[in-house]
Amino acid sequence: MSEGIIIGVAIFTLATFLGIELIQRVPPTLHTPLMSGSNAISGITVVGALIIAGGDHGWISSVFGVGALAFAMMNVVGGYAVTDRMLRMFKKDGGGK
Amino acid sequence: MSEGIIIGVAIFTLATFLGIELIQRVPPTLHTPLMSGSNAISGITVVGALIIAGGDHGWISSVFGVGALAFAMMNVVGGYAVTDRMLRMFKKDGGGK
Amino acid sequence: MPHALAELGYLVASACFIIGLKRLGSPATAASGNRLSAWGMLLAIVVTLLAGGMLSWIEIAAGIVIGGGIGLWMARSVQMTSMPQMVALLNGFGGAASVLVAGAELLKAELGGVVLPVETGVTIQLSLIIGSVTFTGSLIAWAKLQEVMTGKPITYAGQQVVSSLLALAVLGLAAWQVTTPEAALGPFYGVLGIALLLGILLVIPIGGADMPVVIALLNSYSGVAAAMTGFVINNHVLIIAGALVGSSGIILTRIMCKAMKRSLANVLFGAFGAATAGGAGGGKSGAGLTVRSVKADDAAVQLAYAQQVIIVPGYGLAVAQAQHVVRELAELIEKNGGEVKYAIHPVAGRMPGHMNVLLAEANVPYDRLYDMDEINDAFEQADVALIIGANDVVNPAARHDTSSPIYGMPILNADKARSIIVMKRGMNPGFAGIENELFYDPKTAMLFGDAKTSLSALVSEIKAL
Amino acid sequence: MPHALAELGYLVASACFIIGLKRLGSPATAASGNRLSAWGMLLAIVVTLLAGGMLSWIEIAAGIVIGGGIGLWMARSVQMTSMPQMVALLNGFGGAASVLVAGAELLKAELGGVVLPVETGVTIQLSLIIGSVTFTGSLIAWAKLQEVMTGKPITYAGQQVVSSLLALAVLGLAAWQVTTPEAALGPFYGVLGIALLLGILLVIPIGGADMPVVIALLNSYSGVAAAMTGFVINNHVLIIAGALVGSSGIILTRIMCKAMKRSLANVLFGAFGAATAGGAGGGKSGAGLTVRSVKADDAAVQLAYAQQVIIVPGYGLAVAQAQHVVRELAELIEKNGGEVKYAIHPVAGRMPGHMNVLLAEANVPYDRLYDMDEINDAFEQADVALIIGANDVVNPAARHDTSSPIYGMPILNADKARSIIVMKRGMNPGFAGIENELFYDPKTAMLFGDAKTSLSALVSEIKAL
């Protein structure tokens, strides 16, 4: 096992602990936006997709790369936009009156 | 700047965020043991002290290494032991009756 | 862009995700938190574009425009009542992206004759498998919720044996690929095909109403898949973001299971809704008891003169899309001098926070919505508990009937109110497929009909008073 | 032991620290959490011993035995009332260890003719500076609390200018060392000497009663110093553990400042307790008002027949070491049919949680201790509020006197009780150095004398009734 992977595991472990602490505090009111918002974060694979799509690997780049990029972008843009739409509706005092 | 230092910064950042989340939840009842207990954790420099003391650096090892080791061990042992002493006193139902 | 600077950019992006998630924890800061998280994502994308020595800009532009466009269109056009499906679909896309990235890395190595280090091989396989299961599993969840396919559990003899064997086969093929230095694409296709199939097979035996739990779990998987991809391309922002999402999904899964008092294993393998639904019609409390039905005009009088009204929304509110009329009714009651509160059960609807989102859409201020623990003592002082399309979450059997499938689930004390009005279309059971004795309570009046129609009728009756 | 295995061991140790800290968050799990954290430390030590190719076992054994022995002896023999000093001392030792490790790394390089990379140089200097300030600063804090030196702020003209200049000098010397490739020990000694001096100068102008804030802050520094040492020796367990302690110290500092309604800057540079203490004797509310004094026998009667008694402990309880007698008294009152609760103000005493630890030592169950928010409404129903060596935390001036230094600090509503008994030795002000109008309230009776003596008298009087 290389050292790189252990550092990766360390980072993964820390981030997992942190995620647990952060999410446990979210009140039920916000669980649906939380789900779609965290879902958008998992679209971070867009970074991997860009590296593949932008590389010089012939059909792998154009098929896998562009496919991955499109999927990841749907996840990212769709996730953030829909979460924002939901959250903009949350108001403290009925402004709609 | 080398990559190693950025990974270090990443780990430091994650651990700091995590520390903040963890400590914010500790009720005032436990603030004193928390202080001494986290103080004991900062004795982790004992690892650095061991590496110096165990190395082959002549008087640096024997003076700085052993000195650091003794200081760090006081911090570690004293901190954990005194925290344990305090915490063993916390009881839910007056057992002393 | 030098490597160290790129790493620093990724670190800042990670911090944006963390702080964004933290701010998602309170209604007042949630919107800004989500935007911060989005800025972090943009930063990660820009850093990658600048650092990566991109060659094929046309491909990149195509991918971004197509994906971003579809995503934006979906986010704009989806109805608030279809949020669960939407999350399922997006989740599936995330899984698919992980599969494609990991697949590309594998193909590059195999076709280029490069022997990957074992740990990279392992993480590629994990990313492929988890991503594939997430992809097809999410699509099935979407189909069930969208009612493109039956919401009933699909079971067959030996189901779990088949699934277990397929899982073993996938692991075996993956191990083979990792340990064979020669280039071979067979196991890759095998792993891909079987994992995709497995995603389908694991989700079809789960009832449609359990889909929210499945979605939260698959959300967690998509995070883990992203983290694995991070190991593959050795990028820490993927690991951090993936781990955050992975833990968030798991926590939400646990919260839902706890609120329903069921184990995760029971949700995944219990085929809930198949057996119990059959017994619904002939439930024991139905025998010999009578239901008191009421017309809208009488109910309107009762509500118009009530001092304290507690509204209990449930899944039927979402089905009827009645959130706007509810607010109208509440405002009318308040104009007549009554006080209106909303009691939100943690698993009302089909997704955690479902009711909150619906009512927020209708501009109901979130400080009028009370969690179960906050409001349960207030029912005793309420003149009317107005139950709109809710069923299981107010079923008193959860308190005393040890044989009930919902026994032990904490419920809203609507039965403690001075009087109760229940709006539903007929006597159909709710998600758990069981009778509700509350409907036979002498204090209860049933206002039958679609919730939206009934509510509109109430509104015009009260206006006419 | 191979390198990767050692890394894994360190990772497990880090997880022990994290889970340990998490478990420290609830009284029921705190003791096991602290032990888990200690096991993590042991693991880290063992891993280092096995992986490091240790040469000089005698030195190591000497360091471990001496340090561990002293630490254990201190932990065993310290009195619970001296906890703040103990933490200060241990904290200083941690800082000293960081200094020595970083110093050794620097000396090795300088004497061995090795040119360190800039980032290593920078982290070594940070570790040296922060560690030195932590070391001497903690020693001063200890001396003030132990009353080895005066607890009063020591100030002189131009103090902040001198400190600022020294701080600049340290930074300049450190920068010089880092940027000079030639071996040079001058700047090293300079940095060390000035930083040690700075630690002293920064803490002497702070009043003894503000030491807990200083200790929490220095605790944070010692964590940061450990993390910097982690960067120097490139070891992640040091970085993680150091960061955890660093953030924990900062949070505790913030909690304390908030509870006192003062800014951190005011604590560090305000020389609190110097100016204000002077005005104490002639406080305005003292003029013309009279104090009602009471004897132990009368107070005993009042307590013996009270239904609801709320005990408000403060710093005087710690000074008098009266925690055991308090419990005895409470048990007596309960035997007579009364109910006793303890009201704990967040900054009662001289350290956060100070009262909790003291009362826990006397075996008072922790569920009898109520936080300010939980109990403040209960005072109105209390027959007697028994104030034992507390002063500022029950001073009503905090509510209405905008000119008071404690204005705005939330206080315990002891003045709302039907009657109030205050135990203190005389009319001396508390930590904030101000008069307390509560003592002049017609409802208040003062029982003068050392808290322990008065309490013992009460106990025997009640027994004799």
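Labels A, B, C and D are assigned to the chains in the order they are written; within every chain, residues are numbered from 1.
As a convention for this text, a residue touches a chain if its C-beta (ideal position, glycine included) is under 8 Å from a C-beta of that chain, and two chains touch if they have at least 3 such contacts.
Remember, it's a predicted structure, so these values are computed and weren't measured experimentally.
Participant: Of the chain pairs A-C and B-C, which one is connected by the greater count of C-beta contacts?
Facilitator: A-C is joined by more C-beta pairs in contact.
Participant: Taking the mean of the CA coordinates per chain, how far is subunit B from subunit D in Å?
Facilitator: Roughly 16 Å separates the two chain centres.
Participant: Which integer distance in Å separates the CA centroid of subunit B from that of subunit C?
Facilitator: Their C-alpha centroids are separated by 41 Å.
Participant: So what's the Cα centroid distance for subunit A and subunit B, whole Å?
Facilitator: Roughly 35 Å separates the two chain centres.
Participant: Can you list every residue of subunit D that touches 2 or more other chains, as numbers and ranges?
Facilitator: Answer for subunit D, listing residues that touch two or more other chains: 18, 236, 240.
Participant: Could you tell me which residues belong to subunit B and also touch two or more other chains?
Facilitator: In subunit B, the residues touching two or more other chains are 1-2, 7, 10-11, 13-15, 17-18, 22.
Participant: Could you please write down every pair of chains that are in touch?
Facilitator: A-B, A-C, A-D, B-C, B-D
Participant: Give the list of subunit B residues in touch with subunit C in this complex.
Facilitator: Against subunit C, subunit B makes touches at 1-3, 6-7, 9-10, 13-14, 17.
Participant: Flag every residue of subunit C that touches subunit B in the complex, lowest number first.
Facilitator: 3-4, 7-8, 11, 14-15, 18, 236, 240
Participant: Can you tell me which positions in subunit D touch subunit B when the two form their complex?
Facilitator: Going by the criterion above, the answer is residues 17-18, 20-22, 24-28, 30-31, 33-35, 37-38, 41, 44-45, 48-49, 52-57, 59-60, 62-64, 66-68, 70-72, 74-76, 78, 80, 83, 86-87, 90-91, 93-94, 96-98, 100-101, 103-105, 107-108, 111, 117, 119, 215-216, 219, 222-223, 225-227, 229-252, 255, 327, 331, 344, 346, 351-354, 356-357, 360-369, 371.
Participant: Which of the residues in subunit A end up touching subunit C in this complex?
Facilitator: Residues 1-2, 4-5, 8, 11-13, 15-20, 22-57, 60-62, 64-97.
Participant: Spell out the residues on subunit A that touch subunit B in their complex, using ranges where they run on.
Facilitator: 7, 10-11, 14-15, 17-18, 21-22
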